[in-house]
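Below are two complexes that have chain A in common, paired first with chain B and then with chain C.
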Partner chain A sequence: MITLYDYELSGNCYKIRLLLSILGIKYHSHTVEFYPAAEHKAPWFRQINPLGQLPVLQDDDYTLCDSQAIMVYLASRYDSGNSWYPRDDPQRLGSVSRWLAFADSITNSASSARLVEGFFYDFDAVACRAEAHRLFRILDEHLWFNAKSGHHWIVTGDSPTIADIACFPYIMLSEEGSISRQDYPAIRRWSDHVKRIPGFTVMPGIFPAGPAQ
Partner chain B sequence: MSLCNDPVIRNQWHVICALEDISPRNTHTTLLGESVSFAANTDTTGARAWRTDAPDTSLPVTCAYGYLWTCLGTADKPLFALPEYAEADRRNVCAATVGVRVSAPRAVENFLDMGHFPYVHTGILGEQPHTEVREYDVTVEESTNDVIATRCRFYQPMAAAGADGGMLVEYIYRVPHPYCSVLYKSCPSDESRLDVIALFVQPVTEETIRAHALVSVIDENSTDLSIRMFQQTIFGQDKPILENQFPKRLPLDPRAETPIRADKSAIVYRRWLSDLGITYGVIPAAA
Partner chain C sequence: MTEQTLKTLDRARAARQWHPVATSDDLRMRHVYHGQILGRELAVWRADDGHVNVWENRCLHRGVRLSIGINDGHELACQYHGWRYANRTAGCTYIPAHPADAPARTICNNTYPATERYGLVWTGEAPEGTAPDAPELQHAGNHLLVLRSLPVNAPLHLTAGHLADYTFYRSDHTRPATQVSTHLRRAGEFQVAVDWTDENGTSALVFFLQPTDNHRTSVHAVLATSKPPDNPLQRLKDHNFAMSLLRDRIEQAARQHPTPAAFTVASPRVSEALATLPKLAATGRKAPLRVVVKSIRDVATEIKAFELISVDTQLPTFQPGAHIDVHLANAQVRQYSLTNAPGQTDRYIIAVKREADGNGGSAFLHQSVRVGDTLAISLPRNNFPLRRDAVNTLLIAGGIGITPLLAMAQTLKSADHPFHLHYFVQDQSHAAFPQLLSTFGTHISMHTGLSPEQTRTTLANTLEGYKPASHVYLCGPAAMLSAARDLAYRMNWPDEAIHFEFFKNTTDVTTDQAFTVELARSGLTLTVESGQTLLHTLRTNGVELPSSCEQGACGTCRVGVLDGEPLHQDVYLSDAEHQRNDCLMTCVSRARSEKLVLDI
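Then we have the complex of A and B:
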């Protein structure tokens, strides 16, 4: 049985819910009140994850923290088609790792700006927004060139990978941190593709795709 | 940041923090563009508030409905009554405080609107094809001058944290304060009572708010956590809708935005704000 230590409004938790839904895996959600109770810093939770961060996944007696690591685990273990984490293709696998690290940078910038505005965290919102725009510009260019050669996804290939799931939430929630996506058309087209992946699910602040055109 | 020179708004009580979040340590917030500090104290009021740049002069405070309220002008009347809060068998939960880039009146108006339920709160407060807003009544009550909307009915798949399946929910909306609204709705666990959900909006500036929610329900089973999470989900879904409204201030000119029949309560609310002479957070109608 899989238990996800989860908070509804967390983009990093949503990554895992999204991948679980796409892979069709049943799980139990254990709510940890990130805001306002800061339960992820409570002693009981630090015994599960000493870093005091969400999400944490328990699969029977195996416990794993870090959203990116959890996706690697779930895709490796439960994706029988081997497409979400392409272990058999060294170059694509390398690219997946590269964009997982990129997703962490998005969390540290775009997600932080959102925490300032919505949840009253004390970060430098101006610096966070500037960094997020720098990252969005890099991703937008990357996606634009990919699309030009007929590829929809972050890592070149016929099907999406966990890199797409990793980057998606905090890009889609960026406007809650006053980071507009107006100047990133390739990101907008890519996000519509993500929303049309079978099994796609939403979280508060993220809406489903409109009717197919 | 421009200061508020709207006397009606300056003389209101405004919410600033959940009582359970107040500590003996000084905490700062912004109210009507001014920095306000507050801390728990041991005298009879339980808390003290002051302008951050004038620490020796206390602001008036009221502790009510789970929240701390203060006034930057002259509080000429007590805070509105919410007698249900004191009923012994109610669960009173301070459910959420969330920052939103929108004016206070836009947030209140969204709270009054049932039309968005199936689209924004899909699977919870509404779902397609049950999108019709049936005819309802709106009046301004003479004795209290509250806006009251009655006979509001809406099909809701999951009306509250304690709901077990869909039900046709009856609503009464009440606006007793320019920036606060109280919703009375059918209680899933007791047909003879009404659950209360109150939205208390803290005007940080004309175009930014802190939205505070009080949930006061008859529900023996839900945990405080599940009640808070339910409300946080709803607020999280409303946030992008509110932040994308333009202009951020609420236009009071009846010709500024085109209402439909379902917007009856919004029409009365806007007219009521005009009659009160509110200028903060709105675009007043041309004289």
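Then we have the complex of A and C:
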């Protein structure tokens, strides 16, 4: 049985809920009140994850923290098609790692700006927003040229990878940190594709897409 | 440079010009593009028929951005409360909070003109003339390549100044990148053109500047080459790299100056009245629209389809179930349902059955109306609105009664809502629009050549087993409609789940008895003489009322009854509604009691 230590408004927890839903895996959600109770800093939770961060996944007696690491584990263990974490293709696998790191940078900028505005964190919001815009420009350019070559996803290939899921939530929630996505049309089109993946699910602040043609 | 940076945009003048807002490629199918011109945010989307819509980026209801909405190919739906707006007209077609009502025609978003040229989408607040020419791109035989557009956080004139000395690096697989300097051909306020010559001949690059806001600019660029580019993707990358470097320099330069204040843009006022359904406007039977018959085709034995297009303006929004009055040259007025699919907003399509025993309306349309003729028609009116929240929808049509149900079936199919269409016809050759019918696949059952008794049995089977949140829509000959309606009641379909539209009133309407009406709100007491209708009496006394069929079939002239017992004589209301005696049709209803008190 899989248990996810979960918080509904967390983009990092949403990454895991999204992948679990797409892979069709049943799980139990254990809510940890991030705000205002700060339960993720409570002693009982720090026994599970000393970093005091969400999400944490327990699969029987195996415990893992860090959203990108959890996605690597879930895709490697439960994706029978081997497409979400393409272990058989060294170049695509390398690219997945590169964009997982990029997703962490998005979390450190776009998500931080959202924490300032929505959860009263004390970060430099101006610097966070500037950094998020710099990253979004890079991703928009990457996706624009990928699309020109007929590829819809972040990592070149016919199907999406966990890199798409890793980048998706905090890009889509960026406006909650006053980061407009108006200047990133290729990102906006890519997000339509992500929303049309079978099994896609939403969270507060993220809307579904309409039907594809 | 200094002079140019001090120059500011003349917004009033720029509002009268066309500006690029996106590349044509940006408007992918089923996508909504988030655009902006002169500080005004725009929702830009392409419908499945290719039409480009440029709308104010706010839902009329609660002001939510429509650029996060859903483009289903025919309509744009707001993510907040699901208000749906039609392709082209931006008229509201459906309000989920009022599923049984037809939204008023006045609920219509702001639209802006749109055109496509040089691979770009152009728009403006009130643009004059046509989208601007770029002579470098007009040479016959030139190959055009639309580059990746770049948004720049800098004012337009500062950006334009930097583009004048554009250089780039030409990459090749075989040798190191070579720097190419260009020379300036022209530098206008919104266009900068440069050119160069290399071993591939002469190339020209035209930059089109989009005044996104007072302090933000988008640079669109179109490359024209005399030979087709050998490696288009590499050329796109070369210029993207050069333009990105240039953007860094422009933004750095912009930081040396105070940022100009963003434009303040007047948004259309969202009235509280729009949050609820406005009252019907009080008007008589009018025909304000002029349409031209674009095509006439036979779509079944004795049935012709007429495609009507507007002479000058956009045709108003319609909803599934809507009809129009067609005013004929022989002074007759006839009602025809629109058969259109959702989003098919560039024309109205009606189907007319030639009635052997009719009094001339259908014969006139069949014999005398030709392609190219102008017809006077009313605004579309909807007394047969389609709910889009049903768990299941049954559509039951007899003969030419198929027409409003075709519009409904196409709407439900496009939204992937469950429905089934039962179509009763004399024989297969009488089934209208066979091609369209075939697209409904397993959602349609044809019932051909049934006797009245067989029809009854089939209807009974069809209506059996009512489930909550199902709705049935009926349209066809009076006998079949009454039978179906009675069966539905008997099988426990609730009143509000049975929707029907008669296309004529076959009951004998009497005008023998004179009676008195008191108009509670107008303070008038009038006598309706024998031989006169209540509607006529009201109008001659200055009380304006909308009307359409004027034979008790369409429901347009309905008014509330506060006291007295009406003699209904209409076929629009159900038996239960007749028994409530709380409304009547002014065109045919009279009084059983001496006096009626009406809520007008």
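A few remarks follow.
The rule is simple: the second predicted complex is superposed on the first by the 211 of 213 C-alpha atoms of A that agree within 3 Å, B and C clash if a C-alpha of one lies under 4 Å from a C-alpha of the other, contacts with A are read in each partner's own complex, and residues count from 1 in each chain.
The criterion applied here is as follows: a residue touches a chain if its C-beta (ideal position, glycine included) is under 8 Å from a C-beta of that chain, and two chains touch if they have at least 3 such contacts.
Because the structure is a prediction, the values reported are computed rather than measured.
Residue contacts after overlaying the shared chain place A:W144 against chain C, while chain B stays out of touching range.
Within the superposed three-chain model, A:P36 lies in touch with chain B and out of touch with chain C [touch as defined at top].
In the overlay built on the shared chain, the residue A:G205 is in contact with chain B alone; chain C does not reach it. Judged by the touch definition given at the top, the superposed model places A:E117 against chain B, while chain C stays out of reach. Within the superposed three-chain model, A:D183 lies in touch with chain C and out of touch with chain B [touch as defined at top].
The intersection of chain A residues touching chain B with those touching chain C, taken from the two complexes, comprises 207.
Within the complex formed with chain B, the residues of chain A that make contact are 8-9, 31, 33, 35-36, 117-120, 175-176, 178, 203-205, 207. Residues 141, 144-145, 148-149, 181-183, 185, 188-189, 192, 207-213 of chain A are the ones that touch chain C when the two sit in their complex. The residues of chain C lying in touch with chain A in their complex are 22, 26, 28-31, 33-34, 36, 48, 68, 70-73, 77, 79, 148, 151, 233, 236-237, 240, 244, 416. Across the complex, chain A is touched by residues 18, 21, 96-101, 225-226, 228-229, 232-237, 239-240, 243-244 of chain B.
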